[in-house]
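Just below is one structure, and these are the notes that go with it.
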Amino acid sequence: MTLTEQQQVSYIASQAAEARVRFELETEGMTLNIGPQHPATHGTLRIVCRLDGEQVVWADPVCGYMHRGYEKLVEARKYQQVTTLINRIDWLGHFANEVPFILAVERLYEVEAPERAQWLRTIFFEMARIANITLFLGDMGVQLGAITPVFYAFRDREHVLNLMEAVTGGRFHPNFDRVGGLKDDLPKGWGDETKAVMRKVEEFCDQMENLLVGNEIFEKRTRGIGVVPQKVALEYGLSGANLRSTGVDWDIRRDEPSPLAWKHADWKVITHTAGDSFARYWVRLQETREAAKIVTQLIDGLPSGPIMAKMPARLRVPKGEAWVHTENPLGEMGYYVVSDGGPSGPFRCKIRTPSFNNISILPWLLRGTYVPDVVAILASLYFILGDIDR
Amino acid sequence: MSDTPSDAPAETEEAAQPAGPPPDPEREALLEALRADLGDALLDAQIIPEDLVIRVDRTAWRRVAETLKIRHGFEYFCFLSGIDWLKSPELETRYEQVYGAIEGEEAASDGDPSPFLGDRVGGGDGRFTVFLRLQNLRTKLGITVKADLDDANPAVETLIAVFRGADWHERETWEMFGFDFTGHPALRHIYLPTEFEGFPLRKDFPLLARAVKPWPGLVDKEPIPGEDEEEEANA
Amino acid sequence: MGLVEKGWVPKPLTKVLNTARKYSLWVYQWGLACCAIEMGAAFGSPRYDVMRLGVIPFPASARQADLVVISGTVTDKMAVPIRRLYEQMPEPKYVISMGSCANCGGPYWDSYSVTKGVDQLIPVDVYVPGCPPRPEALLEGIVLLQKMIQGEDMVDRWTKGDEQGVAQLTAREPNPGRATGGSAKSNEPVVVGAASRGERNQSPVR
């Protein structure tokens, strides 16, 4: 269905009545195509902007350049094959993608993984968060013109990826979670190694704080830019740090019962009231510190025992539906798994990805902003294309 | 905000409870309130572990969403999507092609002659269902709202006046299933190129690569030298 | 240089030129998906530094790039920009296909929206397998490409795909006798162009 420009403008205008746009000169607008290949977009996102001078009149994100058809592919695979595929949705927060799906299947199958497996899952989950967010912390600097932080980010991420590789064999895409537990146990000495790495991660956070947070240019470019009010954030379904930076105190790890081990660690939920790009950066920075704390505490208290429940070789999940969501690094990720009781995979698996909702706010948010601010807003909303496009 | 360890409710220890789901007073109270508010629009409901699923009449779709948002505080829009309940013959035969029939277990089909999958959570029949998930961040409860659509012309009212975020989700659901969201100003492709034909997530849309060469594809079995006899003895 | 078009390139010259070319590749990263992160680690991280191989990342645009590394899943929607950007690159250009999605569709081989391999769109020189390949694997792919470049026939490379341009250049050659010398392979575009326009024996406009 093709739309005339008039229809497009009136559609977006009806959505964004609160944004204020000042027209100083009556000039012909220019259509700027940001992407799909552009250093500032985290992947292949295309934003068609209509500009008046430097101001954006309307913006229309075009996604789908990384659409691989996950929901259809998952239906054609067995349950054990699905984890191989789904840890590529959010490709930086690797392990975190598998967990809600496995928990949903475990709920349908009515099996619980042993305690050690749940603790280890939590540890890997938080390490996925660290691997994901450290890249964001460095990358946000690059988007705003500060090239140095991203080198620190890549260097310190390597330590976390090495740890994951030591356990699972893969730097990312571990494919380690199984229905009923985990694939393997930890190698010897991993615990001490991890605690040393977590200290390095905290040092990295300190470095980022020194480099970026107090920097005048960074503050000027992010404070007050891309402010999202609470009500709008809730309507669009923003989640994760994007929601907490608007003042909503909601963290699925704390607020919803889960078999994973977050309740066994002492950690805080970070919120901020400003709702602008700076708030989003700051919340994620603090969350990385909290994640490092969680990992260190859980390693210390790790219970011993089996890591896999007794499961048959052929998995036959009974008929039913289950919804499980978790606080992934990017936001709230959930799987609605419908099982038909047959021997093959899920009948229907709706994958709720956080970045899809996070980006759906762009037509509303970008109206009236300046072009350099578009880059700052994109960087601070933090999405992964695989997460938007599935 | 400090962490108060949340009480792990009985739902997570289901393996020890053979008979029925454990009681869930919060969700039951919510269900009672909804029954009072929605009346006839609420066709069926079911409380499953950690979730409440209600099925409503499709003509009351928008009214239900508004009621939930305004009167019951479900302000957080999680997602909106659809389900195609047509049983996919392709999947069942594929499994048997590759692995052979499983001895001692019943056949892949569940003996139900209907072309659509039955025994759904929240009941219902028919081919298409649209479902919505909302969350109340204060009471920390979530709710799944389903509505069965007309098989010939699946259509329901748009929710973008209630939740702005429904815009993209409805576009995606239209693109994948072909549901019409009446009142949506711009139902256009979001993921697929404009020239794409067909609705991919419908069960009768085949994955052509699998039809041409079903998994596991070309299986190259090379005998390991010295172990051939062992393999033949075991085979 | 007129030498190359005439097909009169002595071996030492070829060696020098190829060595210079292989150590001054400007890489355009086409980072699509997960492989882009490993590519970023290979190119931007201090550990798997790619600049020590003489390969410099981050050109200002595709029009200044010699090498493109396609990393990640290629979807049908993305095929058009890929083709367009490949055509924007000037010759001689090389393509490395990184990761199994770019090689053959990878884990999404049965998807309705994935192009099964980027070699359906553009010619690929080196395939780097893996999901994702380690940064070291990508570096090995680049080293292999450098070996390929070292062994290239300059004339063949320079005149490849550019028969029209070569014909125009050689029409102004001072010594048509010289043009018939050299390797037979490089002569074909020259001879065909000149013969078709009957300008073989004309004196140059120089």
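By written order: A, B and C. Residues from 1 in each chain.
The rule is short, and it goes like this: a contact is a pair of C-beta atoms (placed from the backbone, for glycine too) under 8 Å apart; a residue touches a chain by one contact, two chains touch by 3 or more.
Computed from a prediction, not measured in an experiment: that's the story for all the values here.
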Innermost chain, where centres are averages of C-alpha coordinates: A
Looking at A-B and A-C, which one has the bigger number of contacting C-beta pairs? A-B
Centre to centre, by mean C-alpha position, how many angstrom separate chain B and chain C? 47
Measure off the straight-line distance from the CA centroid of chain A to the CA centroid of chain B, and report it in whole Å. 22
List the centre-to-centre spacing of chain A and chain C in whole Å, with centres computed as mean CA coordinates. 36
Two or more partner chains touched - positions in chain B: 191-193, 200, 205, 207, 210, 215
Multi-chain contacts only, two chains or more: what residues does chain A have there? 64, 67, 69, 72-73, 76
Give me the residue numbers in chain C that touch at least two other chains, ranges are fine. 77, 110-113
Mind pulling up the chain A residues that touch chain C in the complex? 36-37, 43-44, 64-69, 72-73, 76, 84-85, 88, 91-92, 135, 150-151, 154-155, 157-158, 171-173, 385-386
Please output the residues of chain B touching chain A within their complex, sorted ascending. 1-9, 11-15, 48-51, 53, 75-79, 81, 83-84, 87-88, 91-92, 94-95, 102, 105, 108-110, 117, 119-121, 131, 133, 137, 140, 142, 144, 163-165, 167-169, 172, 176, 185-194, 200-201, 205, 207, 210, 215
Residue set of chain C touching chain B in the complex reads 76-77, 105, 109-113, 116
Under the stated contact criterion, what part of chain B meets chain C in this complex? 191-193, 196, 200, 205, 207-210, 215
Spell out the part of chain A that touches chain B in their complex, as residue ranges. 1-3, 7-8, 11, 14-15, 63-64, 67, 69, 71-73, 75-76, 78, 107, 110-112, 231-232, 234-237, 248-250, 254-257, 259, 262-263, 265-269, 271, 314, 316, 319-325, 332, 334, 336, 338, 340-345, 347-348, 350, 352, 356-357, 360-361, 364, 389
